[in-house]
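Across the two complexes that follow, chain A remains constant while its partner is chain B and subsequently chain C.
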Partner chain A sequence: MSTGRWFSRDRWFTAERGWVIAAVKAAVTVVVMLVWHAFFLYGLIVMSLVGLRALMPKSETVSVLLGVPVDERWESISTRAWALAGQVIFIGLLVTLVAMQVGQTQGWVGYSTPYALVSAALAVAYLGGVVFYRWRQ
Partner chain B sequence: MASVRRLLGRWWLILVCAAIGVVMGAADLAVNGSADRALIDFAIVVGYTLILTLLQNRSETASVLAGRPVDERWESINLHALAAAGLVGAFVALGAFVVAEATGRDWSGLAIVAGAIGLAYVGGVIWYRWRL
Partner chain C sequence: MQNDVRHLREVKALSQGDLAKQLGVSRQTVNAIETGRYLPSLPLALAIGRFFGRAIEEVFHVDG
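Up next, the complex of A and B:
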């Protein structure tokens, strides 16, 4: 065992301490992979948001997409667009759930939990919204 | 949708939901071979619809849930509730997507749902920008 400098080849690159090198290398690999993966998955979303934010002062449509409608007309457009998205998605999810159930008779293997989860969230949010806005308006 | 409602009158909701109930019941019968379960599927959908249809003349809330708001205030309530549901749906889909991704589960279904909500919203903005 070396008794010289703390970081020396003789001290760490030995058969007994090989696990330290392996652990450090594994940790670095995991971190690099996670960062790389996160960059591709979420970095693109963040970059598009930054791009939209840069365009916001020039475009009313972009300001609505970022959740900052410039006036009442654009507020109405945003509300109606969200309502449309809610209806379209709810109908789409119901059709998908029924189609998956029918598809199982043909031997298809599908994972319907995500669709059921979002359908339930939409239904509860709609009912909650009716109760809330009834009380507010 | 409005023309279909006019054509079928006050029975449109029952007819549409009865059709959905039949499809769901038939699918359940074909998959599980249980007539009881199929009947329960059908009864839940049609029962809910029947209750709403019966109550819609007595309750304004029921009339909104049945798709027939009685006045402009209830139309506005319906619109805002639908918008809130769309927003919540988008957050749930995105949140569940992140959780599924982080825990190594299959996230493809959630990505499809989140993408569809996003597309529907952007399409809605473009449509209503042109219409309003």
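Up next, the complex of A and C:
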């Protein structure tokens, strides 16, 4: 029913917490000496999140995008959308991995290891999720 | 699954928004339940039954 929790393990990775990603990105950019770029990027991301936050009371869709579904149906929509996005990412990763491996063997520019590692991380995370939720429910 | 939520709501002369407020869900969710596009969770189905003073199987029933 009504789900106004600020934090949920099921949706910790949400747009609303994008400021963390923005801060990391800004820190990395500062490290490589692009201070103004860092400020610009951080400002851009944070301002877009502030804008979305302002729209949140008017739109249930925006609430979902910010990781705060207004009720169980929107929570279900969010979960299914994440599942769809996960499948698209996984297929994209596998296609890229194969392309990079072919590229390496044919002498094109290509480095498959990062794609293999991320694919493996996704697969392990999925398996871990199945085992965890099988235990919990 | 079919349900009598729309009928019961209209008998009480409530709008979808009014019922949504009572149940703590969005108006769109009430609409989705009424039109059969969304099957509510057991707690929400129980809350709907309780709100209308009916048993859950009086509000929700299998097709036919």
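Please note the rule applied: the second predicted complex is superposed on the first by the 97 of 137 C-alpha atoms of A that agree within 3 Å, B and C clash if a C-alpha of one lies under 4 Å from a C-alpha of the other, contacts with A are read in each partner's own complex, and residues count from 1 in each chain.
The definition used in the following text is that a residue touches a chain if its C-beta (ideal position, glycine included) is under 8 Å from a C-beta of that chain, and two chains touch if they have at least 3 such contacts.
Keep in mind the model is a prediction, meaning the values are calculated, not measured.
Colleague: Tell me which partner A:Leu52 touches in the superposition: chain B (first), chain C (second), both or neither.
Modeller: neither
Colleague: Counting only touches as set out at the top, which of chain B and chain C does A:Glu72 meet: first, second, both, neither?
Modeller: Once the two structures are laid over each other on A, A:Glu72 reaches chain C alone.
Colleague: Have a look at where A:Val62 lands relative to chain B and chain C in the superposition and call it first, second, both or neither.
Modeller: neither
Colleague: Is the number of chain A residues in contact higher for chain B or for chain C?
Modeller: B
Colleague: After overlaying the two complexes on chain A, where does the chain B footprint on chain A coincide with the chain C footprint?
Modeller: 73, 76
Colleague: Where on chain B is chain A touching in the complex?
Modeller: Residues in contact with chain A: 20, 23-24, 27-28, 30-31, 61, 64-65, 73, 76-90, 92-93, 96, 100-101, 106, 109-110, 113, 116-117, 120-129, 132.
Colleague: Touching residues of chain A toward chain B in the complex: what are they?
Modeller: On the chain A side, the touching residues are 41, 61, 64-65, 73, 76-90, 92-94, 98, 101-102, 104-105, 111-115, 117-118, 121-123, 125-134, 137.
Colleague: Going by the contact rule set out above, which residues of chain A touch chain C in the complex?
Modeller: 1-2, 60, 70-74, 76
Colleague: Which part of chain C faces chain A closely enough to touch in the complex?
Modeller: 23-26, 28-29, 32, 38, 40-41, 43-44, 47
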